[in-house]
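Note that the chains are named A, B, C and D in the order they appear, and that numbering of residues resets to 1 at the start of each chain.
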């Protein structure tokens, strides 16, 4: 295990700072969360991007949100083929075991994954077209979104593709039988959001016409 | 799009609270992060579990950590087969595009995913053995960890399996050529951690003997 | 160059200790900071006093804070007269080149510079009144603060003068056109702090009434 | 005082982390430092650059180093003209009041101030030549260093100018009577250092030939 290194000192210090303050103030709550298990009200699927913090945007406390984060907040279609599907596993666990009430897909501006997809689908990123590109193959999920982009300049179309990343994921979620069923019965509701990093904005998908409006 | 619902009011309220306080105080920093792009120093792979908050444990600010969260903080082995691999895509993006300096796998106590794996491998969770179980097939990644568990009572072995989730992931990370190469050259360092939710503890993997010790 | 001596051994030893630990753990991050340049989020103006460590108080990591330290954390008024102005140069570089989002003036208790100013303005330190006294002429910047001190005993008035050192500096900062402009537009925010060394306290200037309250 | 804003939450959190850990562990030492005053053994003059941390390089504890930081770690010549001279005031206070034993000028690689001076002296930065440029007028101190640069390519000469920033400052320090006197008597020693940020290197000025060698 020569490849493992000690934790950098700045993270050790920050951890001890957290333990002495935030943890110390909520000790009994943490113990209860550990003893009784988690009971999150919502699942959020967001991007790994370091500038997107669902925990700060929603003031998330321990135990509130079941959070899956991947590149470009994508959900692939239902494909029970026996392979490893990390996103589908997270969704299945949240919905069938934890029985969350809300499932939120949170997109964001300046998304590097979406940008890569845009270049790839426009024929300007051959390295992402290669079979060995994990990012390229992951962004394939968003190809149906690229196909229906309106005409326009690149900047506009790229942002539109960020909106599509939210919409395609929500569509794919509905291909999972255990989700469609619970949405039908009213036990689960789906939500689409998009965070403007520069302006701190938050826009929600309007089901009536598929557009995004400030919340 | 009948399946899309408006954002619950409690989240709308919290978002506006964040925007009026934390965002307002840091407006120019957010704009700069948007304009100049992210430059995170570390990637963290942690569990979706609502009780695990890398952002609070490490006092993470916007722009600091590239965070991937999946069930049981697992990384599958390198498999460039052209399929969707969300975790591998996230790792590839962080290491080759963002050039993070640290890659941290953060496990935790009372992990529902690990517990499911333990029951499945012990023959007590037939529903997870089914081909259509996304959670089961995802937890297959951890089977090599179960195989080498020491004898002992169930509680001890289950916690040992949580440690294995960290170790198996770190081993699998080293099967990615672009990671092994950078670890070799000293440009990337790997770290293994385990968070005790009840006690607010943090233990680090000791490369000398594979055990975990408090940081 | 007979006046140059070799570095004392205790500092050589400490440097090697740092290089073998903290630097070694973060090698690629340092290289990146060197290659891509600094992008600090905040500038701090604090005292040279050996007991005031912004880097420990704020757990500052390499690359986070642009730090100017002078006697009594003072900023002179805007005076573009062609002379050397070290503090004004530092402020200009931080704001116009590095585009920091926050500018923090950090005062502290038991400040020797402020004490000297208090004695000088009270007529009890003639040596500081001399034209050749660099400390005296530097502390002239704080004379407007002394002029508005409330009545009271010496200890109270001296601490009040430490608060004034923060307030006068913040007022002077606003006389720089490039600062006033950015504060106006919301791109830069100013903050006043005072650190109690004995108690490890931190008080922030309240803009509503000019008083200081614990953060 | 509309221009003053509350301290950003991330700094409030970090401060409380420090207070609960590092401060709490050293409470009596801090109180003693406050009661008995500081007694630093060395003064360090370094750059404001966020990547240069004398406190981490030298593992500085509270009370050890009197630290002045300005753009490019420059000291102007002795000029007792009655104007504000922040650097000269800091040096005077450290040497005559605190009686430090060591005075260290710490330069560093990739210095933005030195780079600006290089461009200015080469005729490529007219904006720095303007009378109103605080950075330009401050960097005038380094002009004698530029004048004696050896021939060579720009990168080599720019790094040589970083070395000159250390040497010019040390020369200027010797123009202060209270310094020359104490150096003469052996009560004060001067040291010149240069920190390579990318490599974590530290080079010391060799008085024999004016070159820099690894410590």
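Quick notes on this one:
As a convention for this text, a contact is a pair of C-beta atoms (placed from the backbone, for glycine too) under 8 Å apart; a residue touches a chain by one contact, two chains touch by 3 or more.
Remember, predicted model here, so these are calculated numbers, not experimental data.
The chain pair A-C and the chain pair A-D differ in C-beta contact count, and the higher one is A-D.
For the two copies, chain B and chain D, the CA superposition rotation is 120 degrees, given to the nearest 5.
Each chain gets a centre from the mean of its Cα atoms; the one farthest from the centre of chain A is D.
Chain A and chain C have Cα centroids lying 42 Å from one another. One simple way to say how far apart two chains are is to compare their mean CA positions; for chain C and chain D this gives 14 Å.
Chain centres here are Cα means. That of chain A falls 46 Å from that of chain D.
Counting partner chains per residue, chain C shows two or more touched chains at residues 22, 25-27, 31, 59, 102, 189.
Put simply, chain B touches chain D in their complex at residues 21-22, 25-26, 59, 61.
Residues 1-8, 11-12, 14-15, 17-19, 22-24, 27, 30-31, 33-35, 37-38, 40, 42-43, 48-51, 53, 55-60, 62-71, 74, 76, 80-94, 97, 102, 104, 109-110, 112-113, 131-135, 137-141, 170, 174, 180, 183, 189-193, 197-200, 202, 204-205, 207-208, 210, 215 of chain C are the ones touching chain D in the complex.
Contact residues of chain B toward chain C in the complex are 25-29, 31-32, 36, 39, 41, 59, 99, 101-102, 186-189.
Interface residues of chain D facing chain B in the complex, by the touch rule stated above, are 5-6, 8-10, 13-14, 17. Within the complex formed with chain A, the residues of chain D that make contact are 13-14, 16-18, 20-22, 24.
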